[in-house]
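By letter and in written order, the chains are A, B, C, D, E and F; residue numbering begins at 1 in each of them.
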Amino acid sequence: MEGAKVAGTRKLIDGKGTRLDGRKWDELRPISLQVGLMKNADGSAYIEWGKNKIMAAVYGPKEVHPKHQVLPDRALLRCRYHMAPFSVDDRKNPAPSRREIEISKVTREALQPAVIVEDYPRTAIEVWIEVLQSDGGSRCAGITAASLALADAGINMRDMVVGCSCGLIEDTVVSDLDDTEDKEGDGDMPVAIMPNLGQVTLFQVDGIYTREKFQKAFELAIEKGKQIYGMQRAALNARFFGGEGAVTQVEEAAE
Amino acid sequence: MEGAKVAGTRKLIDGKGTRLDGRKWDELRPISLQVGLMKNADGSAYIEWGKNKIMAAVYGPKEVHPKHQVLPDRALLRCRYHMAPFSVDDRKNPAPSRREIEISKVTREALQPAVIVEDYPRTAIEVWIEVLQSDGGSRCAGITAASLALADAGINMRDMVVGCSCGLIEDTVVSDLDDTEDKEGDGDMPVAIMPNLGQVTLFQVDGIYTREKFQKAFELAIEKGKQIYGMQRAALNARFFGGEGAVTQVEEAAE
Amino acid sequence: MEGAKVAGTRKLIDGKGTRLDGRKWDELRPISLQVGLMKNADGSAYIEWGKNKIMAAVYGPKEVHPKHQVLPDRALLRCRYHMAPFSVDDRKNPAPSRREIEISKVTREALQPAVIVEDYPRTAIEVWIEVLQSDGGSRCAGITAASLALADAGINMRDMVVGCSCGLIEDTVVSDLDDTEDKEGDGDMPVAIMPNLGQVTLFQVDGIYTREKFQKAFELAIEKGKQIYGMQRAALNARFFGGEGAVTQVEEAAE
Amino acid sequence: MSMKKNYVVETIRKAQLAQLLAGGKRMDERRLDQTRELKIETGLIQKANGSARVTLGNTQVIAGVKIATGIPFPDTPDKGILMVNAEILPMSSPYAEPGPPSEGAIELARVVDRGIRESEMVDLSKLSLVPGKSVVAVFVDCNVMNVDGNLFDAMSYAVVSALRTAKMKKYAVKDEKAEATDQWVPVPVERTPVSVTMARIGEKLVVDPNTEEEASMDMRITITTDDDGNICASQKGEASFISPAQVLEAADTSIRVGREIRAKIMEATK
Amino acid sequence: MSMKKNYVVETIRKAQLAQLLAGGKRMDERRLDQTRELKIETGLIQKANGSARVTLGNTQVIAGVKIATGIPFPDTPDKGILMVNAEILPMSSPYAEPGPPSEGAIELARVVDRGIRESEMVDLSKLSLVPGKSVVAVFVDCNVMNVDGNLFDAMSYAVVSALRTAKMKKYAVKDEKAEATDQWVPVPVERTPVSVTMARIGEKLVVDPNTEEEASMDMRITITTDDDGNICASQKGEASFISPAQVLEAADTSIRVGREIRAKIMEATK
Amino acid sequence: MSMKKNYVVETIRKAQLAQLLAGGKRMDERRLDQTRELKIETGLIQKANGSARVTLGNTQVIAGVKIATGIPFPDTPDKGILMVNAEILPMSSPYAEPGPPSEGAIELARVVDRGIRESEMVDLSKLSLVPGKSVVAVFVDCNVMNVDGNLFDAMSYAVVSALRTAKMKKYAVKDEKAEATDQWVPVPVERTPVSVTMARIGEKLVVDPNTEEEASMDMRITITTDDDGNICASQKGEASFISPAQVLEAADTSIRVGREIRAKIMEATK
């Protein structure tokens, strides 16, 4: 995200619109989702999205500590997005970076609109997102998994939340940037939506977009989000109706 | 203050007692004071003194957090002296240094004798001093401004507090050292007084003073403090009787 | 402990079983103990053991802060093992290292079995161990002194605790490793015992021991611990029956 | 006891505020897309390489630029370093506290930083001295002096104004060593990004919300545009949602309002 | 409210547990010296030089190895650096909290580190590049994902498995400068230490205690043995004592059980 | 429960103490300008370059000197480094707590440091090795072992005594590189500053206040003088004032008492 862009000498996308990994401009990387793997957590979900490998777990509703943070009319939603030291190319210091603190905040604000916090006054709901391996779009993948983990924990929700980042590479709007495209490309736009309510809960932009390409990237992100929502639903179905202890591995159908 | 003295190759004061910036040995740098600039604070004052530019603001009396710090018979006076990262030649780390922690302590102890803390039991009075640009004598300038901010906040006071640093350059007693004189000179003696009560509330010394020069520098600091007190009074008069919203700019009369 | 072993070019023990400092394989370094030196503490003991110079002091039983740490049925035992910055060859950062945090934990767990914590519900007992000069075996020396300090504070105890480290140098089992033997030797095994109850309360091992040498080192540590216990008793006797204000200096009898 | 602004009363006013807005009006009579008075003063901190005090309504921020040489990040060996930091001073509001930066202060600094960085305002490649070894490092520190809403824009304008007026030593490189000369040159500023922040109260977006409006808002969105009307950074904030249509509306507003603000910044920093 | 495991009930069960154990039985039907099912998966983190996920009953730990060049410690100028760290993730248990490592997490990391280091598993002298100036530094970070007792062994097996399968760049040294080549080589692993942890409940030692057993234990002892059945590290924990005879019994158990576990690790990492 | 000194009783005694002092008497029979018994032991920490244990009444401080090479500060490229730090050990008093240094401990260290530094006790220019690159760095760390008032003077005497007896390696400089030789030389001590602290109780100043007197004092002043009776540092403390006349009285007292103390320090460290 931050860190100046590296002027790539290689082309990220060729004349026919094919990207380095062979995807078309609007194609997603492979995604797989598994719900309910963690034993202690009240809910959990694991996502692999491109090279991202992320575990999300939920505890709660539970007592609030320290007491002075209690909200009398709703649940306190806590959220931590954290990267394992081994998740990136150069070992990451385990202490939370400024980037992780910001992402934790926007992730919480992306999930909270979907959680019916009014149903759990005076309690805390904790969402822990651990990035075991990081690729482009890890905050969107984390939100997508966390929303599943909240559902797995049986927390009342208005809708699911699903994220997808779109952006620009060499001035072409593309979906779902991977690490190289994020670093060497021209812009990244992470978007999370509540697919049934048709509302946006995470919205960040970097890059330089004309008004027209801005809209194209934004609308693509929403469209892709809806597509991933289908996978979320399938994963939940498999979890709850797929037989005892069953978990789900949903691969995206080729487009 | 700390940091070894730099052996100046230049003369800081010439044979006629004229200093690098043209001042006589007992002259002050230009000072200007403005009261009441900050909108949210209960009281505030801004001082420019030489190249010092310092804002002081006061909140209170207000509730004490955490509760266990409540004093049953008087107000808790809090004080922070802080330097902006851009206030000095080399960027300063924003975290409070040991020097800032010590100055915060002696500043609090310099102001408290003038505040009638017994009038506000079980409350906190907060004094925030921000050095936007630093020159020699910033702690004295900060105290002078903070005392005005306390008065502006309507806090009951026994007296004002006013500070001035005197010291030695090339074994000559001089008033009001600037940055160069502080660093390359031979001694610095910051003094704050309550001018009407004739008492000293801040007293620090560094340098090497004979008993005689020690006394001369000390008495000069008191004399200069009384002179600056006249400006404090004028600034307060302008604030309260100079018409609605008026602020004051008091330049020292040439000596 | 950690830090790789230095491959010593010198022999740590000669063919006759004589060590660099002239000791036999099963000999202790000189030890002296003094009880009750500190004025404010409720109990204290000072130990010199080889080049180790360690002060231990005890406060309590006292009120527990913060309140939420109160144990309803017994005392909370706190313990800090800390090294002075000047206690080692290269100046040590004053902030507690990971090593000091671990040793504080195992020291607390070594002392607690001997303290009748059930006699002091809802209180705290604090044990402060300060290593003024460090040599091999400082944790065992600290435990030996701390146990005396607890007794000096009049805390009810089931038994004393006494520590001694044994280990391997050049594959020979030896008692009481000094700094050089710890760093250049082949293994260190700190053991603390309750001598009358015949139980082990501290047990750590590093090095590579055959099963046989493991047992030999372990049994030697227990035997040496019992020997030091005699000195503990003498030091306490001197403190309480040796006349007012008397302190004790017990040198180990030559073996 | 001191008289503080009563935030409880403000919360009660929320419905009233939303109703007013539905009729196109704000408490302080501004149009929905009208910013408060903007005052920009530069050069007040002589010890800094550049500085600006921005007053937006009653919100006040001072930015100071400090420039030094540094070692480049390993992944960008031929680019200078730009860092934006924020401290919300305890004097700025009855709710601010001293201590390490809060989550909110970190977001504030990072969003402002992103707008500056992504717009390519400063040409970092011109700040390289010895590739891989030595670059110019530009630190912009911001002191929030008084809080009355919309810190994002006030701080962004302060940083942009301070950078536009900052001077740095020219460096001479000899034998792979960079040394400062006596010559002063401007920081290589290429663009003038402008951040525009909007709050949603009820159904409406209002530009440049003050503290009272922020107390009633559900959602905040900041969009930064460049000289050509391109969008180069954005951040949605607060635990609520925004409709896709409103995102696009906000984009158009930020381009339009950004143009006006840019003219003021250019005028104040020419 | 969510259904949490009730630790109060577990504490009440302590007597019951001890009674069962006196008869040689455990709640989950294991023998006293029987470990839970051990599952080792390696290579799951492609960005790491080596990685392993160990599942021991319901306890799960992921270890990742990162390798870089570094400066040797002054007292070991010709040896590489090995560091083992642990984070007990807040997701791992209702009692874990985010923040700097607790006393317990520090002990955990140090005890695992000691077992690896003291067994001379990795030949650190083979990681020296330019004596006194440059060495290979091996960082092993562990994420505790789920806690169900015996973190010591689960983490130790994860670290050992990750190191046994880790690959590092071969370095070429020229003019006292080390540079990575394109060639990958294994980390110089010489030994396979195995840690075995036992809990005393009542009078009995049980191997590989789960959370329920840990809630009832008075004393914990971890003993690490090497391929030849030598003992190379140990740590007694908890505020209780152990008899000398039981220390020797624990040593024998650790050698016997260690042999079985080592075979599993070798199989999973060959 | 343990028997602690009752500080409430001491506070009640304040009037009584002031009354006694008005008649020229102190609780412990000392004259107003009389210090408590001073005991100085040096050389107790063999691993330090110098050390001293100072016992002043029941206040006890141990100072240890550690010497190493370092990089000079940019503004004093040709001067060595001197650092004085203090830790008020939790064992020193029922009110001391472990953790980062308090405001009071920071003031303590800085005031003692100032007295040493401003008196030019150590000739820092003699500690330069390679100008701008390498200097001798002298660290003096102090452990406050037991608190019974007047930490400022006890710590100052400990630091001065430790420095006066400290030995350092002689360094040889070759090709701009400093290397330690086998030869030991004293630290270049030129002066012997002595700090004298007074407390005002009621109207009177008392020298070397103990804890009981400190509990009753309104104001504290520390003045450091050098061998020639010059004043080289001072610090007024506590939230009260002092009259100009009393500052001058304190200066005279500090010169007079300082002379006696200096003789004792010289004797103990010759």
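Rule of thumb we're sticking to: a residue touches a chain if its C-beta (ideal position, glycine included) is under 8 Å from a C-beta of that chain, and two chains touch if they have at least 3 such contacts.
What you are looking at is a predicted structure, and each value in this text was computed from that prediction instead of being measured.
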For chain E superposed on chain F via Cα atoms, how large is the rotation, as a multiple of 5°?
120
Over-half contact-pair match to B-D, picked out of the listed pairs C-E, C-F or B-F:
C-F
Give the label of the chain whose average Cα location is farthest from that of chain A.
F
So the centre of each chain is just the mean of its C-alpha atoms; given that, what is the distance between chain A and chain D in Å?
27
Whole-angstrom distance, CA centroid of chain A to CA centroid of chain C, is 52
How many angstrom between the C-alpha centroids of chain E and chain B?
58
If a residue has to touch 2 or more other chains to count, which residues of chain C qualify?
90
Is the chain-to-chain touch network here best called a line, a ring, a star, complete, or other?
ring
Round the ring, from chain C on through chain E, what is the full list of chains in order?
C, E, A, D, B, F
Please give the residue numbers of chain D that touch chain A in the complex, ascending.
73-76, 79, 103-104, 106-107, 109-110, 113-114, 117-120, 124, 221, 223, 226, 229-244, 247-248, 251-252, 255
Could you list, by residue number, the parts of chain A that touch chain D in their complex?
1-4, 6, 77, 90, 98-99, 101-102, 104-106, 108-109, 112-113, 183, 187, 189, 194, 197-211, 214-215, 218-219, 222
Which residues of chain E touch chain A once you look at their complex with the stated criterion?
1-5, 44-48, 51, 58, 60, 62, 64-66, 68, 85, 87, 89-94, 98, 100, 139, 141, 143, 145-148
Which residues, counting only chain A, touch chain E once they are in their complex?
38-42, 44, 51, 53, 55, 57, 59-62, 80, 82, 84-91, 94-95, 123, 126, 128, 130, 132-134, 153
